[in-house]
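First chain written, first letter: the chains are A, B and C, and each begins at residue 1.
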Amino acid sequence: MEKLPTILLAAGVGCFALAGILSGYLPLAHLGKIKVKTVEELVTEPSYEFQDLAKRYPEQFKKYYGDANVENYRKALKLGRDTYIAEACWHCHSQYVRPVSNEDQRFGKVSYAEEYQNEMFLPHLFGTRRVGPDLIRESGKHGNDWHVAHFYDPTIVVPTSVMPKYSWFFDGDQPNQKGLAMIAYVQWLGSWATPEAIARAEAEGGQK
Amino acid sequence: MRILGYCAIAPFALAMTSCTLDRDKWDPDQLAHGKYVAVDESLARGRASYNDYCAGCHGEKGDGEGPAAKFLKPKPRDFRKGKVKFASVAAGEMPTDDDLIRTIQRGLHGTSMPSWRLLPKDEILDIIQYVKTFTPNRKAPGGMIAIPADPWLKAPEKGVAEGEKLYHGLANCNSCHPAYVEKPKMVEHMKAFDMPLSGFREKPYDSETKDSEWGEAITPPDFLSDYIKSGTAKEDLVRVIATGVGGTAMPSWGATLTPKQLWGLAYYVEHLASLRGTKKAQDMRKALLEQPPYTPPPPPPPPPPPETTADPSASASASAAPSSSASAAPTTSATAAPK
Amino acid sequence: MPNEAIPLVDRKAVKYHIIAGFTFFYVSLFAGLLYALQLSRYYPFPGVELLSPGRIRMLHTNGVAYGFLFNLFIAAMHWIIPRLTGKPMLSRVLSHLIFWAWQGIVGATAVGLMTGHAQAIEWGETPVWIDPVVVVGAALLIVNSATPILKVAKRKLYVTLWYFSAMMVWLPLTYVMGNFVPQYFVPGAGGAAVTGLYIHDLVGLTVTPLGWGMMYYFVPVILKRPIWSHTLSLVGFWGLAFFYPLNGVHHFFWSPIPMYAQYGAVMSTIAVEIVVFTVIVNFFMTIRGQTDLLRSNIPLRWFYTGMIFYFTTCFQCAFHTTLTLQKIIHFSDWVPGHAHLVMLGVFGFWLIGMTEYLWPRLVGNEMYSRKLSVAAYWLSTGGLFVMFLDLLVAGVAQGYLWMNLAQWEKSIVLSMPFWHIRTFAGTGIVIGILLFGYNLWMTAKNPGTRTAESGPASGRKAADDNAEEAPSAASSQAS
């Protein structure tokens, strides 16, 4: 128990591996039954919000993205995700709705494993703290224009907010490439589980 | 520790002192026209909540010019006008408290007005009382437009079919909203109501942007792709169709259409909205845009049309005579905006 | 048994790491203060991309972890390992290479974070292109410091070396697992399970073993008596090794990670608390009868304060890991309160205490001012304690507001006074550590108390140095 080989092998490797198997590999193998989708499989058409951005800010959109087609939408989503990470948004906004504390009442449908099994959650963005609300059901809760104003300076929309302003998402007061990408990304979060989408899925499921 | 205590109390103390109210400014009688009677304390609470939640867009003076307003389209409501877009009274009349509660609780989907459903009802009531103080010479709310019972409950498909006919025929919704049937079918629907046909809009499958009294042009929703602001349930749609949308080209249909017709339209729009975001909606739109060219039959000489046949919306309002100031006089509506 | 030709301890390396560690500590402290100001709505640089509060927060956490804690832990390893094994580190050149490599890594991380290249792994925000360099740096460090231990591998090792040598296995495994698996291979909930393991292993299998290893060395040295119970030391070490890594998933309770993993994490977290209790008992029995030293000996005071905080934080952990309490406090300010108590209150305090102990020995001067040392202790401890209680209460209040479906903004309005107090308490900590740094600076600069050679300055300290053999004596005695 006090010899180096025991310590290195039993404590160092053994215990680490045991924990790795029990709380890493097992859940991982369990979740591995759900196919991991690529962005191409996941996103098949540009969202309403993305097209709406193209209508609202035609010059900026043309300049940075061109048309509101699906390739550009994927590009915007990826850039939005990367910006979300670079600005560490996930330190103040979580991305999972827990089945407790009335969170489904507040945010929407409780999170489920399938929705995270895709490349957009590589790495996952579950988050660690909620200074601001959870965002995994954010899609469609606010309009694009609300998001533009909110990124420009959150306190002008929500006077009590402590979110910093992101002036580098803007050329003047028009969203730039990053700004458009962020809005497209935030509006994408949970677009598969809005009440409307759930109703639609149920209707389609019912037809089968 | 005492210093710490003061530090903790200071923000509250500051907030308290800034909340004292000038009683004389508000006439409680004015506020009492709504269903709920305002008292001074309620106004004070309402102001605190309003400044926390609403002032960013609607402005501290309720003029719809909060610091965020310049980014927003549609613009936040200017409460000084005393009217709103969505209410259960005829378009343009003073809304009831219940109307305001409904809008606050649900939000207006697709706009920057979010849902405030988690705010306690009491707080919403306080906010409403406070919001009313922005309107000078506030009148009583307009008379509620009665919503008839749903006649199509047992035959929803028939409701949808009836709605489609009316949408493209009698009500001529497609004079502003997009049409959702092929051109020959549109002509057929018009004929069914003996409506004069004077050609199609330039882009019959897109919405037609219209002036409004809100200081900005408004594009009516395309039900296959846009959010419907006041809700997609049939009950909500019937209300909007019956009352119209205040200050816009959407007239009140409550007095002109029969219950069956009103509900039929609601069934049809709900059907369209349920397709939103589906493959079916895309296919439908594609088929409409790619239909073969079609020339409408020459208009039959009788009956003599009213004076302004050139404008399809005017012809619709003339034939169906909906009661809306905004649509009856679309040219004056823009200038009617307040100073 | 210092060899005259090659001194056993590379004092220069120890000193450099301490200086670098404190430099990054100040950067991190000010970053933390800036972030606190953002929450109090007094951020001095609004709208500046390179000083965005979101990025500043990562600078704070990563600066503390990799800049402050690791630098000082490397210093501790350089001081302790040669003394316990009687063999020097592998190579002085390598030591200095590691020093510069590590500062390069931390500096590049800071630049990377501030220019927006962060990685979305908590506590591993190090940009992805630096991750492989970190692995190489850690490997060099391990090669360098494992060599003396391997040379005495046939002996029974002293407790400190159990912790240190096990850490040398855990650190690279943890780092590689946490930074590469969720980033490239496993998305979503599975990746979260691995990240949870990573976060917890980094604390539990790297920082904690280093910290306790240090304590098992310095406390007996200062007290000049062996550790009370060797058996409890064994229980403590093996308990930590077995239960600690199983806790990972408790960072993501009520998430889509399979529930059995979450239940397992609850149980093993509570088990850790029992293990912690044995270690705490061991140390408090060791000081029994000599508690007056806590008044006179400032390093010891930092150490034991840290231990009390360690007990508090682990006790807290055993409670808030229960799924019932999780419903309320998860995502709230309770968690930063807990994290500050662990990282600053425990490991930070231990390392500050170690610096207080080592610095006079490194520069050959008596500490410049005892009053400054005491002031630094009380300001930091007081500030941290206020911050901890403040965030604790704020967290519960926030949690209940969310649960009761209050409008979100209400939780912000409610938090405001708490956040003001946190800024205030944080300022206390910053001032305390600044005083501490000033004291170090003046000690190094002040030649007044310099003794003939860079050895111990007083009879008391000479006694301390002689007592450094105590741990190995303890080991043989108990076994």
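The criterion applied here is as follows: a residue touches a chain if its C-beta (ideal position, glycine included) is under 8 Å from a C-beta of that chain, and two chains touch if they have at least 3 such contacts.
Given the structure is predicted, the values throughout are model-derived calculations rather than measurements.
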Set of chains whose contacts include both chain C and chain B: A
Can you check which chain pair, A-B or A-C, has more C-beta pairs in contact? A-C
By mean Cα position, the chain sitting nearest the middle: A
Tell me which chain's centre, taken as the mean of its C-alpha atoms, is farthest from chain B. C
Any idea how many Å lie between the Cα centroids of chain B and chain C? 59
Distance between the centres, which are taken as Cα means, of chain C and chain A, whole angstrom: 32
Multi-chain contact sites of chain B, meaning residues that touch two or more partners: 52-53, 118
Can you list the chain C residues in contact with two or more other chains? 405, 408-409, 413
For chain A, what residues touch not just one other chain but two or more? 105-106, 158, 160
Which residues of chain A touch chain B in the complex? 45, 48, 51, 56, 105-106, 140-143, 145-146, 148-150, 152-153, 155-160, 173, 196-197, 199-200, 203-204
For a test of understanding, state which residues of chain B touch chain C in their complex under the given definition. 4, 7-8, 11-12, 52-53, 116, 118-119
Could you list, by residue number, the parts of chain A that touch chain C in their complex? 1-5, 7-8, 10-13, 15-16, 18-20, 22-24, 26-28, 30-32, 36, 83, 85-92, 94, 96, 98-103, 105-106, 111-113, 115-133, 158, 160-162, 164-168
Could you pull out which chain C residues touch chain B in their complex? 386, 405-409, 413, 416-417, 420-421, 424
Can you list the residues on chain C that touch chain A in the complex? 38-39, 41, 43, 46-47, 49, 52-55, 57-58, 116-122, 125, 149-150, 153, 156-157, 161-162, 165-166, 168-170, 173-174, 177, 182-184, 186-197, 201, 205, 234, 237-238, 241-242, 245-246, 248-249, 251-258, 260-261, 264-265, 326-328, 330-333, 335-336, 399, 402-405, 408-409, 412-413, 419, 475, 479
